[in-house]
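By written order: A, B, C and D. Residues from 1 in each chain.
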Amino acid sequence: MASTAVAIAVQRNLFAVVVLFGAYSFLMATVLVALDAVDVGMTEAAVGAGISTVLLLGTLYLVRKEEMKPLHRPLLPLAVSIATGAVLAYGTLGLPAFSDPDAPIHTHVAPRYIHDALRETGVPNVVTAVLASYRGYDTLGEVMVVFTAGAGVIALLRRRKRRMKEDRQ
Amino acid sequence: MRDYLVLRVIAKLMIAFMLVFALYVQFHGDFGPGGGFQAGVIAAAAIIFYAIIYGLPAARTVVPDWLAETMVAAGVLLYASVGVAGILLGGNYLDYFVLHADPVEGQHRGIFWVEVGVFITVAGVMLKIFYLFAGRPGEEEEGK
Amino acid sequence: MNIASHYSYWATIFLAIGGLYIVIARGNLVKKLIGLAIFQTSVYLLYIAPGKLIGGTAPIVAEQFQVYSNPLPHVLILTAIVVGVATLALGLALVVRIREAYGSIEEDEILTQDRDRAN
Amino acid sequence: MTSHLPILQVVVPLIAAPLMVLLRHGGAAWLLAVGVSWTSLVVALALLAEVSGGGLISYALGNWPPPWGIEYRVDAVNAYLALIVSVIAAVVAVYMRRSVEAEVPRERHYLFYTMYALCLAGLLGISVTGDAFNLFVFLEISSLSTYVLIALGRDRRALMAGYQYLIMGTIGATFFVIGVGLLYLETGTLNLADMAARLPRVTDTRPVLAALAFITVGISLKLALFPLHLWLPNAYAYAPSAVTAFLAATATKVSVYVLLRFYYSVFGGSTVFEALPMAEILLVFSLAAMFIASTVAVFQNDVKRMFAYSSVAQIGYITLGVSLASATGLTAGLVHVFNHALTKGALFLLLGGIALRIGAVRFEAIGGIGRAMPFTSFGIVLGGLSLIGVPATVGFVSKWYLVLAALERGAWWIAFAVVTSSLLAVVYVWRFVEVAYFREPDARVSALREAPASMLVPAWLLIAACVYFGLDTGITVGGAGAAAMELLRGAR
């Protein structure tokens, strides 16, 4: 997965980048399933590798396919991203170790979901229960985000009745 | 790709299976992985697949533009109305307990309708976005 | 507090650096969006990996399992994925319009065009 | 019904948005937008009345008790902020009809209003929520709709401005999620109040410090805190006029709130906050914003862009108040949130009137406009006076409290900096006065008519408020003071 990410950074043919991105998403989905996040893995496969790739290819069809020369000063971006990574590394070093059952996320809030979700909502898939009921309002927000994107894309790409060409000049 | 008979026949079969699978994912989401979001994406993918094989105009006759645009809004509206129903029946917003005399049954009902709302909006949005991207003339046709 | 027990975080860190670098350093508008998507996926691992319990199973309750991985991060990341694809779709729509208005999807070229027009 | 006030605040505009798409009619969508904006204002007033006097409303969504469910939590701070957002929304909603008709293609009108309703819902949702992840979701709703609103501007540069804001905004939001993720992994909860209660018990503070850094940088990007403001001038300059006014008056203010909420209500309880020199860093950037952005503003050719840079500078005053970290400083910052919302809202609304008549607001195109559009121009001058901080305007009130807070700390040089930077505002406001009143109008300008009443009246309402609250400070300073006390109470 790391190597695909690097390849994406280096590759200049946009078509290849998009295909690599699709592969990257599939790998990500596999990792997620390995981490027991089956719902998330399924979504990532459908969205990351499916819809995103279709959209990217659709865009490439409409725009140029080669990337121009890279920028001349890559040092500042590199410094910024490495600084970000350093802060993240510093922060994560203080977190509980991998698969530590006494970590706060396993001892606070979550146990109720696991133990009582079936009794309280009648749904054995805890992820669905949390998604649609306990944190259902977040999901309303999520659907609103999808709606916003949909309406936004309609607003941007709607076939105009001829006006825009003059306006843009 | 309109001339490949094999593709067209297989596509028909596949699309039927994809739609059934979408419904399975939708309604089996309580027990296995899946739910409205994933099902919506799969259903939209089936139509997109249809558009790729049979051409965009054909897909537009199956699911017209206005229908897709209506779906975009109808899904969220359904979701939000489930919440309002909670208030009207004397609970808080998105309170499913009051939707039925038996709270667990109420939860069931709430989750079901909410997931349907998610499905409608997600399928509508994905399809509409695809239509808009695919319906635009590429640079080749514009002759730039 | 050793480094090995935190290996799951290193993937996050690496992807975050890579994604952020692509966003900031690259001038191609499509590639920037892909970088942004990678940067967002790094967050998925940050949330999901600590939720895993070795010996645990996916959080779908059944009689034969006792230990389940934490479902809450899964829910959060489902939302994050959706937000990610929504952003991507919107960004790509903007790119298509920019391409129609400027005839280019390279940041430098577009900014040069604007500067020329302003003077 | 009063017990449902917090959710009504958000859900009313939220439900209006899909209805507008179903209606598919510009005029009807506008009526709906006006309706929900005024409803929001009524709800916000009712909420403020409920919590004034130190009340706290907790609303459990889905009837799941927090921290398992999502909680809406309204205190003096949220209610104050929700009121600012809805006041501006109510004014802008009435105003935008004419402006949008002139600047946005007809078939996109209903979508424009949809985006506006979503943006309003997003901002209000950020204000009232008590859950960290829910905050992120609503942040994204408001952000995505903002990108579209900006890109709907007439100029093609609006597209690029929207794209750049999308990139910067998404990086900011992702930083924010990383920060929230670290806090979640340390505390196991997403509820802000619960988080605050559990943070002091955390043994290893490194993740908390990193979270503080990520949240600060992420929100500063949305806040356009100098030097992370790069997206703002273009976005404000090329967005449709009504959008610029709405965003300038609300979006950055809501980000200020998020920052304050995290600093005081979440991190405040733990000792971490004192371990980092956050106040000093904020102070340096605020001063830089005040001076550098004001200086850049002086050299702009476009009036809208000039006031956009001025916004970056004014945000500096707000964060300066925050960085002083005292009751007076916080009050000054919060008062300025309200006062600057009024001033900048009014200024951009008035500029929208000029844009409607001429199409652009470049200095060379508006010579002598003071004679052709007297009400608009005079309004801009009054707004400008408020930006400078002349007595009897709201700008004076904020600066007065800033100076007080600085002197309270014995930092006379900060007080001096506040006064000197105001001189820069004098320079750029004078540029407008000079062009508008001391140049002979050319034939094109003399032929202009005054802006239509539907645009002039809302703008002048805000200008009148600028003067009124400049003289009667009871309500604004009272509200800000109560909010400041509420924040500081959480920090103890």
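Here, contacts are C-beta pairs under 8 Å (C-beta built on N, C-alpha and C of every residue); 3 or more make two chains touch, one makes a residue touch a chain.
Everything numeric in this text was worked out from a predicted model, so none of it was measured.
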{"item": "Chain pair showing more contacts of the two, A-D and B-C", "value": "A-D"}
{"item": "Per Cα centroids, the chain farthest from chain D", "value": "B"}
{"item": "Cα-centroid distance, chain C relative to chain D, in whole angstrom", "value": "27"}
{"item": "Chain B and chain C: spacing of chain centres that average the CA atoms, whole Å", "value": "24"}
{"item": "Centre-of-Cα separation between chain D and chain B, whole angstrom", "value": "36"}
{"item": "Residues within chain A bordering two or more other chains", "value": "38-39, 43, 47, 51, 55, 58-59, 62-64, 88, 92-96, 103, 105-106, 109-110, 113, 124-125, 127, 131, 133, 135-142, 144-149, 151-154, 156-158, 168"}
{"item": "Contacts with two or more other chains, residues of chain C listed in rising order", "value": "16, 20, 46, 50, 58, 60, 72-73, 76, 78-79, 82-83, 86-87, 89-90, 92-97, 99, 101"}
{"item": "Two or more partner chains touched - positions in chain D", "value": "14, 17-18, 21, 61-62, 133, 137, 140, 144, 147-148, 151, 156, 178, 182, 184-185, 190"}
{"item": "Chain D residues touching chain A - in the complex, by the definition given at the top", "value": "14, 17-18, 21, 61-62, 64, 67-70, 105-108, 111-112, 114-115, 118, 121, 125, 131, 133-134, 137-138, 140-141, 144-145, 147-148, 151-152, 154, 156, 178, 182, 184-190, 198, 204-207, 209-211, 213-214"}
{"item": "Chain B residues touching chain A - in the complex, by the definition given at the top", "value": "29-35, 37-38, 41-42, 44-45, 48, 69, 72-73, 75-76, 79-80, 83, 93-94, 96, 104-105, 107-108, 110-111, 114-115, 117-118, 121-122, 124-126, 128-130, 132-136, 138-139"}
{"item": "Footprint of chain B on chain D - complex, ascending", "value": "4, 7, 11, 14-15, 17-19, 21-22, 24, 59-63"}
{"item": "Contact set on chain A toward chain C in their complex", "value": "1-2, 5-6, 8-9, 14, 17-18, 21, 24-25, 28, 31-32, 35-40, 43-44, 47-48, 51-52, 55-56, 58-60, 62-64, 67-68, 70-71, 74, 76-78, 80-82, 84-85, 88-89, 92-99, 101, 103, 105-106, 109-110, 113-114, 117-118, 124-127, 130-131, 135, 138-139, 141-142, 145-146, 148-149, 152-153, 156-157, 168"}
{"item": "Contacting residues of chain C [partner chain B, same complex]", "value": "58, 60, 78, 82, 89, 92-93, 96, 99, 103"}
